[in-house]
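Could you have a look at this structure, given as structure tokens, before my questions?
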Amino acid sequence: MIDVVICEQDFDVGEQYAQVCALAPRAGAVVFFVGLVRDLYDSHDSSETIEFLELEHYPGMTESLCQEIIDQARQRFPFDLARVIHRVGKIHASEQIVMVAVASRHRDNAFQAAQFIMDYLKTRATFWKKEVGVKGEQWLGRKESDLSASLRWENNSTELK
Amino acid sequence: MIDVVICEQDFDVGEQYAQVCALAPRAGAVVFFVGLVRDLYDSHDSSETIEFLELEHYPGMTESLCQEIIDQARQRFPFDLARVIHRVGKIHASEQIVMVAVASRHRDNAFQAAQFIMDYLKTRATFWKKEVGVKGEQWLGRKESDLSASLRWENNSTELK
Amino acid sequence: MIKVLLFANLRDIAGASQIELPLGNMVQVRDLLADLVSHVPGELIEALSDESAMVSVNQKYAGWDAPLFDGDEVGILPPVSGG
Amino acid sequence: MIKVLLFANLRDIAGASQIELPLGNMVQVRDLLADLVSHVPGELIEALSDESAMVSVNQKYAGWDAPLFDGDEVGILPPVSGG
């Protein structure tokens, strides 16, 4: 199973779950995170709805970065298996955009690793997102909340045990 | 959708995921936790394998407790929808035993709520587990690691933001 | 009457999942636990104290000082181990 | 030659996703960024400084003092927004 998949096609969570379980037969805990496109603009404080996101990335560099993030997570929170799927291209409101799956012996590592991977993916992986809708087009910048979520892993004193 | 299901039958994660997404159309983040029966005895420091778990519960009280736990989680980490499925009866090694699903606007609440629900479910919900295998039968007690995982939520100073 | 429910290892030791006791002079949960001694094997009492069992009254966790009324359902709950 | 890749809003402003520059006297990434000024619209330079873009050399994040060699691929990366 490939750890990192960047693709335009949608993915089937049930199928991914079955694959993860089959490949991690000793796991006692499986955590799945799925990110979906929200229908409201992130870039405006508005109730206007977006039509779709346009996602691009840096082919080659993105895959390496995602693999690095998985490897870093594994060192901190040992697990049996992790998988990242991230879509690119045109993704409509309420469609799936990203999946992180982690299978481990115990639940704490699975939860922590999945969060770590998501936080780092948001702030380090070379994806760019453009919102398209009634308010026009707008490239999104990095969010403060994602930055601080990512920074908490640098500060061991606030880390959940 | 019923928030809490205690049953003998197995559940289909893909189907559950589809239901959760359909019922929480504004969610941007979905977290699934699935607990599986590990094949090793928890009660001995051994490499002996178990054959199955026998799970019983206190019908009525368990459902109320699980619902209370969901309600507490919702107050701390607002989400759109949460669901708990917990199996009882005879469950063999590597089968699914418990599922917690949370759908919310942003990922942090989904992760936190799912962990909170699992930690409280482990230490407060009236389930009892008996390991059956080559080493005979043994009722399991509450684990120290589960207790401390649960206690961290009482201490706000160590809580992840 | 008080309906007493026993679970898991406590039920195995007691050899019964349910015991009916007359309310009699029992006022609090602690009175019931004291009264149980005369109805169940000594090992159960040991298990109860060893394992710091919890108690429920009418399907809610209750302290040993919780009041008892006729018709109450009391659960004697070993440490839980779900999930 | 140095292959410079531009992404997202920086590409839109520059009107090109890829620019080839001769290595010339460039020694470090900072030299390249200075040289870029003469090849791209002024708005791009503004966007670069405003948005604190990151830089990669051969698909790895690099600082402004990273050395440059002929044939390197340099990415000019606006703040990322995946997930």
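A, B, C and D label the chains in the order they appear, each numbered from 1.
In this text, contacts are C-beta pairs under 8 Å (C-beta built on N, C-alpha and C of every residue); 3 or more make two chains touch, one makes a residue touch a chain.
This is a predicted model, so every value here is computed, not measured.
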Far-end chain from subunit B, centres as C-alpha averages: D
Whole-Å separation of chain centres (CA-atom averages), subunit A against subunit D: 26
Centre-to-centre distance between subunit D and subunit C (centres being mean Cα positions), rounded to whole Å: 73
Distance between chain centroids, defined by C-alpha means - subunit B, subunit D (Å): 48
Residues of subunit A engaged with two or more neighbouring chains: 35, 118
Pairs of chains, among all present, that meet the touch criterion: A-B, A-D, B-C
Of all residues in subunit D, those that touch subunit A in their complex: 5, 7-9, 12, 51, 56, 59-60, 75, 77-83
Residues of subunit A touching subunit D in the complex: 35, 55-58, 60-61, 64, 86, 97-98, 118, 121-130, 139-143, 146
Touch list for subunit B against partner subunit A, complex: 12-15, 17-18, 21, 25-39, 94, 105-108, 110-111, 114-115, 118, 145, 148-149, 152, 158-161
